[in-house]
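The following pair of complexes shares a single chain, subunit A, combined with subunit B in the former and subunit C in the latter.
Moving on to the complex of A and B:
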């Protein structure tokens, strides 16, 4: 290995060092804020402002306990998990067959429907807030999680369908034709031919939508409301901030509860996505 | 093989969860606390990390245990007004809201979102229990009491005497003394006055400094119209502010600070002087409070109208508002509100959270020494000035804060500040 390095031309060595340096800088950009969050959650305000990047003097969990108590965080986390998971499942249940149909469509109707889905990108979320609120009130679902579980997939469908449709279009039609000749129904073709190959697309959709659903604030604030039994973690967290004299250690501890699932899901889905990509490449 | 497992896992997850979703989302352990017959719902800002939040929760729990009546708590912070208003549009607002009187809430009585409680004050035997000044402040121009005044706010100035001693100076009471103190502190590397120049806390201090040159009657006119240039006193106040700023009274880069960072600077001994409201004083750590004394903002050395250093004194803290829905449940709300004004609950708030209450009481905070000091300030020590929030139109608030943030910057002249201040009222 060392011999190979020494034989690299000067230009390649400079390129290798530059790219390595940039990679480390990029990694630091991601890690430093996370490190700051973690160490700050074990400190008081004085320590946070006096020595922001130093390790805490004690690894006392009192800030976490305070955050949980003050903002009813366990309930809020449970609500966020419930809402996010249900919305993700519903998104996939709707987006997969829709994308399957669009990917197989050859006529103009398919293009029109795909265009309609793409129009969803043009609707600013703020503009939709008031009509959505009226709809929730009219349906009797205002101040319920149920409405948000149905709403979030609606906001996510345009992007999900665009991603999944483009993935499905890469699948050779011969595979589908072979399955059909073996007597497979459309549903079986979707399940046994398209889905396995589309795992990278599904993982991508899950990841993007998880970030969007988990971090949603305005719609859950207005539509789910202030009931501690229903509100999500993003709505609960701001109650840890006060007009004057916020305890930033407690706020950071509370914020970690919302950051960790994001890191966790990203790590898990990223691995699955890479594995599925390799697997798909071999099969394809 | 890998594909088989992945496919099964995906399908199981998708279809299993599809069945479970509506079940989980509509029932289960996380049952909504919204009120039904025989219960009331209370939407409160006394929640989270706010001083008094835990006391309020304990009070509600004790009330439930004692009476067997259900009180559902709905919690928000500063976003309570917008959530309450949208809930009102859907007819699902809480029966009671506990929130302060500023901005959006000023329009609730007129809009019919909440009912006036003028008649209930006597009917529920609360008039003698609430400070008359508080009732006056919470009564609108048409004589309607908007809500029951619950908590109130003092806005003294805190001085770290330990840092002042290090600089060899004492607590200043005039503007000349303040400038000398600032010079001495700076020479020791200590920040003088810290304030949230970029937000409402800086705005409050700016308006407090102006009130050093105008009578309270004139201040009412100036703050409700915004016509600074038509008041010689107000213009003198702005010039005085600029003079103090240019003399280095405020910490460096003060226009970038917030109400949070001002208190943190003070608590970490980076600055020696901070104007902070009493609920924030309750959050000053005890070890810091030992070396702090509270007083007022130094009077102008010449040309001012105040006898003593000024303190913003307001009866505008949290109020107990009754919504349209609550109007149908007055028989259930009455005992709850009466309980909130009981001696026991008042003592619990004063002693347990350091809150200043609008309830008539002799109880003084013991574990919150700065709050106690502030409550002991008399008219011989300080001159009270108004909190102008009720006079400033709602739509002017944000534009005005931009103007005061600009005023804390080093380059803004008095004339430019006056001009921008008046323009901020154009949106009203």
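Moving on to the complex of A and C:
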């Protein structure tokens, strides 16, 4: 880079300086809020207002204790874990056989079914939040986690099926034919031939859906409601914001607490997570 | 798995010939209709397609609250919607959000992606950072911005020593919508940039260095070479962000301003939410839902037309 700037004309130097400056300004805009809210979670309102960017004087965890206590965050985390895990399992149970069938189908029907799932990318499910709410009521599952566990997989099916089907298409048909000659049923072929090969695809789908299920907000808000015994972490967090006199330290401590699980997963599985996020949109 | 494949050959010879036609018939049926896709299809129809169809039905009903009995209303809801000031305010806000926010987001994301794929010093750190917004939930993002934008928050804390008077960004009608758009840009630029970079990574570097030798500068290489190559893909990313701005803005608005002050941050998506769950005017809400659905399709068509592959 340094070598290039010395040999190139003025206009180029300006060009690359601008895009570089731009990039690092944006990077700063990504980091500063993080720094701000992490240090704020150890301060009280007065310190936050007086000296927003200074390091806290004490690393005192009382804001975390208050946040957890005030919004029942442990319970909310437990609810989120439960909802997310159940929805992840259900998504795979539905998407794996479907992708398997679509990858092997050769007729028109297969194409049509695939098209129906692909259309799902266009459905603005948010606009239909109210009918979804009616559906929950009709099933007798209103204000329960159970309904959200049923609903979230449906929102994730189009993308999961597109990704898994494209993985399963790479498996040679001969492998399957050999297995079914041995008398293996479809489900046995799926489990013993297809699944082991599809592990990377399954990992991608799991990570993508983990993010979207864990971070879901409006659906749980409307469908599970304010009941502390049922609500998820995303619904619990904003309750720390009060119209008159929010304790910002507590709010930021709660936010930090909410982000920890996602960061834990991101740090451990950084590469896989990045690949998942990329394939999520490329396929879409 | 190996055992299965190995066992395949002897099994074929052991099987009596009469079994073969039955199996063939079964397989053709299986291949004609992907039966194992049925559970997923049903699930998807009940939980996704069903509510959308219901939205179209409810839009033609007069339904002034959960406990009231709905009656057929024809186009009354649409007439009410189109003569309502709030609807037009929401349309204006959504239009500003899309027309101002979307091009800024995509152009900046493209320039960032272009910078990152040149592999300057620190590009790995940049790529790591750019993913951050994609990981954070809407409530967490909103809470951080709520703290930064409040009258005593970080933004004013930084501006005051510089001699600027801050404002209550989220409560001031002149800045509230801008603040919402800023939050969306903050979270949208990084992810879009990462996506576009993944496409630009595939560009043949030899053509680029040949162009450099011919004296093309960065600006020209970015817009004359990378942009046309990635154009169709940028179109996909633009559609993604368009839909997300159009529909998901309801979350940010709900978390930060509840549409106010007045109607200055009421977007169409938030209006649907507000009419259904705050004011219980269900027919009105779903009529706006139908309008938003149509706007979504028209917008996607327009983006496709503008950013269609040209080569």
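The working rule: the second predicted complex is superposed on the first by the 208 of 284 C-alpha atoms of A that agree within 3 Å, B and C clash if a C-alpha of one lies under 4 Å from a C-alpha of the other, contacts with A are read in each partner's own complex, and residues count from 1 in each chain.
The criterion applied here is as follows: a contact is a pair of C-beta atoms (placed from the backbone, for glycine too) under 8 Å apart; a residue touches a chain by one contact, two chains touch by 3 or more.
The shown structure was predicted, so the numbers you read here are calculated from the model rather than taken from an experiment.
Shared-chain residue A:49: touches subunit B and subunit C both. Applying the stated contact rule after C-alpha superposition, one finds that A:222 touches each of subunit B and subunit C. Of the two partner chains, subunit B and subunit C are each touched by A:196. In the superposed model, A:234 lies in contact with subunit C only, and not with subunit B.
Applying the stated contact rule after C-alpha superposition, one finds that A:125 touches subunit C and leaves subunit B untouched.
Of the two partner chains, subunit B is the only one that A:144 touches; subunit C does not reach it.
More residues of subunit A are in touch with C than with the other of subunit B and subunit C. Of the two partner chains, neither subunit B nor subunit C is touched by A:25.
When the two complexes are superposed on chain A, the residues of subunit A that touch both subunit B and subunit C are 45, 49, 133, 192, 196, 222, 238, 240-241, 246, 248, 251. Remark: subunit C residues 1, 4-5, 7-9, 11-12, 15, 27, 30-37, 39-41, 43-44, 46-52, 54-55, 58, 108, 111-112, 114-116, 118, 120-121, 125-140, 142-148, 150, 152-154, 157-158, 186, 189-191, 194-195, 198, 215, 217-219, 222, 236-237, 240, 243, 246-248, 250-251, 254-255, 269, 272-273, 276-277, 282, 285-286, 289, 292-293, 296-297, 300 touch subunit A in the complex.
Interface residues of subunit A facing subunit C in the complex, by the touch rule stated above, are 1, 8-9, 11-12, 15-16, 19-20, 22-23, 26-27, 29-34, 36-37, 40, 45, 48-49, 51-53, 94-95, 97-98, 100-102, 104-107, 109-110, 113, 116-117, 120, 122-135, 150-151, 153-155, 157-158, 161, 175, 178-184, 186, 190, 192-193, 196, 211, 214-218, 222, 234-235, 237-238, 240-241, 246, 248, 251-252, 254-255, 258-259, 262-263, 266, 270, 273-274, 277-278, 281-282, 284. The touching residues of subunit A, counted against subunit B in their complex, run 45-46, 49-50, 70-72, 75, 78-79, 82-83, 85-86, 89-90, 92-93, 96, 133, 136-137, 142-146, 149, 191-192, 195-196, 199, 202, 221-222, 225-231, 238-248, 250-251, 275-276, 279, 283.
Contact residues on subunit B toward subunit A in their complex (touch as defined above): 2-3, 6-7, 10-11, 13-14, 17-18, 20-22, 24-26, 29-34, 43, 47-51, 53-54, 72-80, 82-83, 86-87, 89-92, 196, 200-201, 259-260, 262-265, 267-268, 270, 276-277, 279-280, 283-284.
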